[in-house]
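Take a look at the structures below.
Shared between the two complexes below is chain A, which pairs with chain B and chain C, respectively.
Up next is the complex of A and B:
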């Protein structure tokens, strides 16, 4: 078995290109991505959504898969959605917070 | 310099109108007319979407559809609220206005045939809304509207992206592929009609002179084409327009304006038309105009009836 790689920086960077469907903020800056693991040619994503009623779960998952599969070495993307810990505004990155502020959305 | 000319000059130089005291009557009328078109368009986008809402392929896409309709109600609310602040009786406008006096686009007076048309509706008509309101957000001289449009702009982008996702996904399925093409065939020119008569036929526009919007009808049409055509080409949908290098703009490969058969939802490309006739067609309204407006008014009318019975 191949060693589970901890060097997943490039996938975090890649997911910074996957945008929230409304605001031009990435899923990373939104704080939706909890963990990325590489296992051979598979990527395991642990993530959450801002709400269980999020209208765009399938859409965002499909965008995430599409982007990661653009990386040559990635053959499979597994997405594991968790609700614990729950998402709160505290998970927004400073960059995400600034962008929301610019668009007039409260991040408190 | 008279008052109107002075106001026109001021707004062209960046003056932001905040209240009635900053306007003249012509400005107020043009603003009200614009906001009524916007409010009616947002609100009456919902009945056609509802005709196929129960065909959503998954629960999550149904939730997305609901979120979109909720957004549209919110956008309509903004426009009507601004009208209220300008002295209009919004309840009267909403619940006592006859169907043919609503100002939504002709394209919204039709039932949709399937879920794919929901997608094309989002990708084309919400794109038209995004183009028009994006222009207003960028250029409008009316401060309260400009500020309210920040949120609208982002939400419309979400709707049009939803449309693109539905279209792109459907194009990978040979059967649905045909449905996408069929929907595009009637909805493409419909979207182009949103932007109104050709510039050459307009003697003047209070909307432009008072800077309620920034770009002309034809410029906005070009803006819509500049994103809609490349998107359709990228997923393999045929559209009756292409970019002409020589003219440096998008040109249509079919007559526009053109006669339309509302029963079969088909453009009659062998029958070019005039804008004058198109306006007549708009005024005659499409097949579901009455039914859709009555749906919006039903609850208020029923409640009014109940109140009468109780007294």
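Up next is the complex of A and C:
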């Protein structure tokens, strides 16, 4: 995970409650979230997915928006999906790696 | 229509041709792949089908963006009619492998060339797709080698299938390579050598059609 600025820290924490639908690992620990920016009452999320063919994109984006809109000061959430740098297992947090190991999934 | 619009139009057509072929490869990988020669091949084919369909979705959505379509993207219910005949007509494992290998190899050559484009957002769109596609090519190439050295009528049939689709793929690459609008608008590098790279990649299969291509 990149170093986060204090004014977006709470949103990173909030997104730790949004789980990947296929594994009980947050989108943050999966390394899907590349950047969070706050601009007034808008939050801009830059994120990726583990595969171009991810079947859960709309689901995950909807969960992210729903969670961030629970924050009183947030009125709009914009999601920008990028594919560069491509996601690899190196993006998993140590916590995410441990959870995958627990579920018997290789993360090497 | 301005030169720039013509360039975008050509680029959209290029992306749609790739998307259509990936859409059809995904469809064929499911239809034919479920009765693959063994369980591993079948599982891999179905997994790759999801991959190809995902690549198609990404490229169609990119086309929508280039056309200035805002908001939620339309659901894709079929290809736009640009898929190669040799892909649409895939009807067994042998023709599936021939199509998967040649078409994805050609697409890979084109997409790699677009990474040298002067348009900054190209890499952010396709970097992951290119990485995933490499796995599909490795898989198809290894199956191609296996079929080529198989017994009975299989090597002959595989060669026929390969010859059947190579002309079409090669002709498409030649058309793309000669499209000046793509080069002048910076979507492809100047004097790009797509056909040369394709021949080089398929050299080891040394098919009759490839040998005779000028």
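Just so we're on the same page, the second predicted complex is superposed on the first by the 102 of 108 C-alpha atoms of A that agree within 3 Å, B and C clash if a C-alpha of one lies under 4 Å from a C-alpha of the other, contacts with A are read in each partner's own complex, and residues count from 1 in each chain.
Quick note on the criterion: contacts are C-beta pairs under 8 Å (C-beta built on N, C-alpha and C of every residue); 3 or more make two chains touch, one makes a residue touch a chain.
Keep in mind the model is a prediction, meaning the values are calculated, not measured.
With the C-alpha superposition on chain A as described, chain C and chain B fit side by side in the combined arrangement. Superposition on the shared chain A places chain B and chain C such that, viewed from the Cα centre of chain A, they span 80 degrees in steps of 10. In the superposed model, A:51 makes contact with chain C only, not with chain B. Applying the stated contact rule after C-alpha superposition, one finds that A:79 touches neither chain B nor chain C. In the overlay built on the shared chain, the residue A:87 is in contact with chain C alone; chain B does not reach it. By the touch criterion defined above, A:59 reaches chain B but does not reach chain C. After superposing both complexes on chain A, the closest C-alpha pair between chain B and chain C lies 5 Å apart. Taken together, the two structures place residues 53-55 of chain A in contact with chain B in one case and with chain C in the other. Chain A contributes residues 48, 51-55, 82-87 to its touches with chain C in the complex.
The touching residues of chain C, when paired with chain A in their complex, are 50-55, 57-58, 123-129, 131-132. Within the complex formed with chain A, the chain B residues making contact are 58, 60-61, 63-64, 66-67, 150-151, 154-155, 157-158, 161-162, 165. Note for the complex: chain A touches chain B at residues 21-23, 53-59, 62, 103-104.
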